[in-house]
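Across the two complexes that follow, chain A remains constant while its partner is chain B and subsequently chain C.
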Partner chain A sequence: MSYSAPVKDMRFVLEQVSGLDDVNKLPGYEDATTDIVAAVLEEAGKFAGEVLAPLNWAGDQEGAKWSEDGVTTPAGWKEAYQQFSEAGWNSLAFDTDFGGQGMPGLLSAAVQEMWHSSNMAFGLCPLLTQGAVHAINSHASDALKDAYLEKMISGEWTGTMNLTEPQAGSDLAAVRSRAEPNGDHYLISGQKIFITYGDHDLTENTIHLVLARTPDAPAGVKGISLFVCPKFLLNADGTPGERNDARCVSIEHKLGIHASPTCVMSFGDNGGAVGYLVGEENRGLMYMFTMMNEARLAVGIEGYAMGEMAYQRASAFAKDRKQGPVLLGSGNEGEGIINHPDVRRNLMTMRSQVEAARVMAYDCAAAFDFASKHTDDDVRARFDRRGALLTPIVKGWSTEVGVDICSLGMQVHGGMGFIEETGAAQYLRDVRITPIYEGTTGIQANDLVGRKTQYDGGQGIEELLADMRDTQAALADSGDEHCKYAAPVLGRHIDMIAGASRQILSEENPVLNAAIANDYLMMMGYATGCWAMARSVLAVQSEQDDDFKALKRATCRFYFDAIAPRAVGHYQALENVNEAHFSIAPELL
Partner chain B sequence: MKILVAVKRVLDYNVKARVNAEGTGIDLANVKMSMNPFDEIAVEEALRLKEAGKADEVIAVSIGVTQSQETIRTALAMGADRGILVETEEEVQPLGVAKILAAIAAKEEPGLVIVGKQSIDDDSNQTGQMLAGLMDWTQATFASEVNVDGDSMKVTREVDGGLESIELQLPSVITTDLRLNEPRYAKLPNIMKAKKKQLDVLTPAELEVDIAPRLVSVKVEEPPQRKAGEIVASVAELVEKLKNEAKVI
Partner chain C sequence: MSYSAPVKDMRFVLEQVSGLDDVNKLPGYEDATTDIVAAVLEEAGKFAGEVLAPLNWAGDQEGAKWSEDGVTTPAGWKEAYQQFSEAGWNSLAFDTDFGGQGMPGLLSAAVQEMWHSSNMAFGLCPLLTQGAVHAINSHASDALKDAYLEKMISGEWTGTMNLTEPQAGSDLAAVRSRAEPNGDHYLISGQKIFITYGDHDLTENTIHLVLARTPDAPAGVKGISLFVCPKFLLNADGTPGERNDARCVSIEHKLGIHASPTCVMSFGDNGGAVGYLVGEENRGLMYMFTMMNEARLAVGIEGYAMGEMAYQRASAFAKDRKQGPVLLGSGNEGEGIINHPDVRRNLMTMRSQVEAARVMAYDCAAAFDFASKHTDDDVRARFDRRGALLTPIVKGWSTEVGVDICSLGMQVHGGMGFIEETGAAQYLRDVRITPIYEGTTGIQANDLVGRKTQYDGGQGIEELLADMRDTQAALADSGDEHCKYAAPVLGRHIDMIAGASRQILSEENPVLNAAIANDYLMMMGYATGCWAMARSVLAVQSEQDDDFKALKRATCRFYFDAIAPRAVGHYQALENVNEAHFSIAPELL
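Take a look at the complex of A and B:
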């Protein structure tokens, strides 16, 4: 199935809703003008549609393969990766000092959406490199930066994140891998699991970032250090040389993302893998946390990006597939099932949530751009809070609804959707990992209740509510009937957010706050989505393209009427929470 | 040597063309436009010649509305050095295009002009030939292979019966066929640089070219709907139908 990048909607959100014109006034982002952004989106869309999308299904069927000699990726993967890095796509948002293009995260979010929509299993490779680059760039010594960054930014080498161990999943405090000091480096030993693109045949070197403990490190989270551990050690001239003692010993058999090798990595089977300390000892977990928001945003983007692809396929199928006399359209037999009201409802449910999630993700990316580049400390701090608040919502909600959307995409296909060759099933299998990795929805919900609401004393929420009230006022003051309609809808969601956060801030029993965390997260997702669509309906007033305007208005209206009310169910559930829900002994369950 | 490449802004090849309400042409309101695919091949060939050291500068020329600048920027993002837009709101037919390109060629003195063999909107397949005639230059149409050597070149042409190889003197006009090359994807740094490259805007009047249309479109209509097929019971019935209904045998 071909992928057609929704450049028009992306540009609308970037330019009219999420504030590209403010982001490109930030120092360092001056080049991100509207026309450059448009040109980048056009070309990225072409690449995603013509190079990555055609490999998606074949890659899923063939999958990555393991052997003693290493992991091989599916046919076509290596050539596509080479084209991808040669075209410079890997370098889009990286530091210009090391060959990056220095574009804002806001543009990068849109471009990443295209990679994930067209081929998520492929998109994961540059995504992991991005995390590794940022870890090195933010925390490593100049010597490490000089040795590794340029090649990783260009994409000539890829990066991995070696965090998880069998006993240390969501709880990284349980990490056991060892790092023994040995002259100017350390010798790393231990086993890591779930390492995305931990080994592959795409590039001449792979740079692992590894969490491990030094011999005298304190127990728990405060005793974990971060190391750079290349697959091939570098020669004096910087080229890859001797093989390091780090190997992929097997790959996982998974529900989805078959083409993305998920590796079991073994370090130090033959005496110890050479690793170089990033920053200082015992600060590894803190370094990882600084990148976590970005990684979580990226996974949130994956969630709705897969939804976009599922929508494109379902919509095309529904126009083509004919079953019975229809109630919409001409009412005749021989018209597509898109003219059945229930099928139409499915498509609108998919589309409206994708569009809301897109605004939320771009908002979050823009907030991080302001938080890192704005010249005023207070503005930076405020946007840092905004980005931090939106992150668990984007990660948690957009992936949960992403799964629902891909499931609906299969539903639109009827029985054919359940048949693998149709292709709709792959999106559902692939997207299913997104609510799990990079912190499960449960972890996101706890983060939202704890760090982002309670520990912050509700400040981030208050600021969000203030912005939402400004939008509500603008809607009410508008002469446009579509805006006027949205004002009270947004008002109801503002009240729910305020009520729920009050409940959390005043609740003294931590069990109850933990118990409502998921409902709070989902309610915040639907309500923030309502704000996203409210701003979209405001912005679309000045749109020249009548078809786009009508479609955006209809999609927003559907969201207000049919999707936003889902917040109410979650709100009532969190109001109803009580200890009786958790009083049964585990052995009875 | 300079190479001049003509790039036309047309309805994107993925978009289903619809006749406008007046029946005078294709509806172009709010539809995706992009570079004529044959012109992408022309740009690619010019860039390859430059990369092989056979040319020093590649100039992308477009003729049309202001938005045609985007098409030129696409060529610049692929690697062309500078652009020229001859801006006009008027319809420019192949003869007008050839005259404009001839006027620019007279000024720029390129060794080669490379154009697509046709554009996918009107499929005229005339501009390159007319241009060569106006300039009194050699021409190599439907090129599938080009080898430039000093002031001459060998070109393989896709003709009805197969392939024809010709050798000709520069300056010359090449029109590109589909198999000449596979156009590259623009590289990100070049996309960013494209905006800073020189793009001159001229008008047909400044070039003293008369672009008044010589042809009149009478009517544009959708092709007739294809009728459903029919399964016949026997060969005899098929022959009977071909003879008496379809009247093709």
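Take a look at the complex of A and C:
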């Protein structure tokens, strides 16, 4: 199935809703003009549609393959990756110091969406490299930066993140991998699991970032250090030389993303893998946290990006497939099932949530741009809070909703959807990892309730509510009937956010706050989605394209009427939380 | 993973909630005493746990295989099927005329739940045979009954249902297969798709029921006839003889139920397959409809049965898996993640919906028992309406919720859930077909709004509401605090059902009723689930087992507090339905 990048909607969100103009005014982002951004989106859309999308299904069926000599990616993968890095896509949003193009994260979010929509298993490779680059760039010595960053930014080498161990899962306090000092480096040993693109044949070197403990490190999270551990050690001239003692010993047999190798990595089977300390000892977890929001935003983008692709396929099928007399449409015989009201409603359910999630993700990316580049400390701090608050919502809600959307996309196909060759099932298989990795939805919810609401004293929430109230006032003051309709809908969701946050801030029993975290997150998702669509309906007033305007208005109206009410179920559930729900001894369950 | 049949909860529902005592009083069901039913459940649970469950994962991985000589099932399948039929499981709920054991559908529902929980791909084979037996038994000549029923009821032969054609999908009006009269039989030609167990190696014969058109048949649904078309024609002595001209030409590569062959069947490639008319010409679709409610109930059972299995696995994992400090539990280190409030809540979300769905399915099965066996015409008619009303809710809601539950079961496993060998992903892959086949959720919703609400003038709904109000009164009058708590919760859901049904009955625009059908169905599911749990909390007052009592009360309370509110989102969505949602030309979508 071809992928058609929704450039028109992306540009609408970037330019009219999420503040590209203001991002363009930030120091360092002067090149990110509307014209340049539009040109980049057009080119990226072509690459995604012409190079990545055609590899998606075949890559899933062939899958990555493991042998003693290393992991091989599916046919065509290597050539596509070479084209990808040679065209400069890998370096788009990195700082210019080591060859990056210095484009804002806001643009990068839109471009990443295209990689994930067209081929999520491929898109994961640059996503992981991005995390490793940022870790090195933010915390490593100049020597390490000089040795690794240029090639990683260009895409000639890829990066990986080695956090999880079999016994530890999400609990990094339990990390056991060891790092023994040995001259100018350390010798690393231990096993890591779930390492995305931990080994592959796309590039001549792979740079692992590894969490491990030095011999005298304190227990728990305060004793974890971060190391750079290349697959091939570098020669004096900087080229890859001797093989390091780090190997992929197997890859996982997974529900989806078959073309993305998920590796079990073994470090130090032959004496120890050479690793170079990033920053200082025992600060590894803190370094990881500085990247975590960005990685989580990226996974949130994956969630709705797969939803976009599922929508495109379902919509195409529903226009083409004829079955039974239809209630909508012209009344002629032989019209597609898209003219069944229930099918149309399924498509609107998919489309409206993708559009809301897109605004939320771009808002989050823009917030990080302001937080890193704005000249005013207070503004930076405010946007840092906003980005931090939106991150678990984007990661948690957009991936949960992404799973629902891909499942609904299968449903639109009827029996054909369950047949693998149709292609709709792959999206569900692929997207299903997104609410799990980079912190499960439960972990996002815990982050939202704890770090982003309670520990912050509600400041981030209050700032969000103030912005939402401004939107509500603008809607109510507008002469536009579509805006006027949205005002009280948004008002109800503002009240829910305020009420739930008050409940959390006043609740003294941590069990009850932990218990409602998931409902709080989902309620916040539907409610900030409502805000996203409210701003969209405001912004579209000045749109010149009548078709786009009508479509955006119908999609927003559908969101307000049919999707936003889902917040209520979650809101009532969190209001109803009670210790009786936990009164049963676990062995009875 | 082993399967432990929830016999205790099944017995509670059968005996205390869904009226086994009254079913036992129906003529013909005198043998279905509490003791007999309990003994059958114990034995069935053993068979499911010891024979079927161990084949589930290996069957998925090996899958059914096609060759020119026919379809082969995975290793162990044939032996298990022989044990299954020899133990009499196939004949449990068939009338005694041709060797059935004459047990009520209510007991059969519980036993079927076990087959599907332990091995859904296996359970599909007897499910299809059941449909074919009922078609023949209800509508075929004595000669056909004599020739086929005994072996099909014993399980020596299996049955299939050949409805779908590639161009027709769910629209049976478009069926094109032909049936030419030829002496005492017809010659059938045409292609059928999605034929479950259309070919296999489990038995010496397979009896296809096929929809086809005779030469002079009127167009559309009124020109479809039903035929019996055996894989092997019968010799004079009734044994299988000559191969009929009906072949499986390929099997589908599916997301799940890999061990269940989904066949493309070709009839008449060599002149015509011999078929015998069931009943009269042109009445085939009506004959199919008489079986449809039962088949849909069976698929609804599949949905929550898979949810039960997903729950059992997730619960076992969450008790065993240690990760991070937990808020619940004894405060000792190293306690399972089941002591994280969010994980506990996921498990309660799974468990409470499975228990509600179980009551709804057993209620539906009991209604059919009363509708077929009660001596009073009015009572029969009333229960026929009740069964007909509950069927699309059980089929639609329990399968949609079944998908959610299996997805949540994966989620509880974290990253391990995405690894196929863990086994949790298979449940999601398998259950995902249940909202599609035997009529998609959209078709169920259409049935609920049209045939079961509008065309019935709301009679079935009014009867349901009257029963729900009786329960509400009993809860309010009870001295039990748990019951008193439930009364107003149930009251709110009664009001939603009443309001939504009024809206449907008064709406004159068929587009709007078709558009809200899905939300109406889902609201009805959560609301009748609330009634199911309300009756459970009433009934459990007299329970002697303190652990069971406490667990049932906590599960019901959780359903009332955290699950039932989901009805509100759907209710508001249907209240908000508006023509603006359909104002966009389909080519813009």
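Quick notes on this structure:
By definition in this document, the second predicted complex is superposed on the first by the 586 of 589 C-alpha atoms of A that agree within 3 Å, B and C clash if a C-alpha of one lies under 4 Å from a C-alpha of the other, contacts with A are read in each partner's own complex, and residues count from 1 in each chain.
Just so it is clear, contacts are C-beta pairs under 8 Å (C-beta built on N, C-alpha and C of every residue); 3 or more make two chains touch, one makes a residue touch a chain.
Computed from a predicted model, the values in this text were never measured in an experiment.
In the superposed model, A:I36 makes contact with chain B only, not with chain C. Shared-chain residue A:K151: touches no atom of chain B or chain C. Contact with neither chain B nor chain C is seen for A:R382 once the two complexes are overlaid on the shared chain. The larger set of touched chain A residues comes from C, when the choice is between chain B and chain C. Contacts of A:I338 after superposition: chain C is touched, whereas chain B is not reached. In the superposed pair of complexes, A:L255 makes contact with chain C only, with no contact to chain B.
When the two complexes are overlaid on their common chain A, residue A:D547 makes contact with chain B and with chain C alike.
By the touch criterion defined above, A:R178 lies against neither chain B nor chain C after alignment on the C-alpha atoms of chain A. Judged by the document's definition of touching, chain A residues 547 lie at the interface with chain B and also at the interface with chain C. Looking at the complex, you find that chain A touches chain B at residues 4, 31, 33, 35-36, 39-40, 42-43, 46-47, 50-51, 83, 86-89, 91-92, 101, 544-548.
Of all residues in chain C, only 164, 168-171, 173-174, 193-194, 252-256, 315, 318-319, 321, 323-324, 327-329, 336, 338-348, 351, 403, 407, 410-411, 414-415, 417-421, 425, 428-429, 432-433, 435-437, 440-442, 445-446, 510-512, 514-515, 517-519, 547, 550-551, 553-554, 557-558, 560-563, 565-573, 576-578, 580-584, 586-589 touch chain A in the complex they form.
If you check the complex, the residues on chain B that touch chain A are 14, 30, 70, 73-74, 77, 185-189, 191-192, 194-195.
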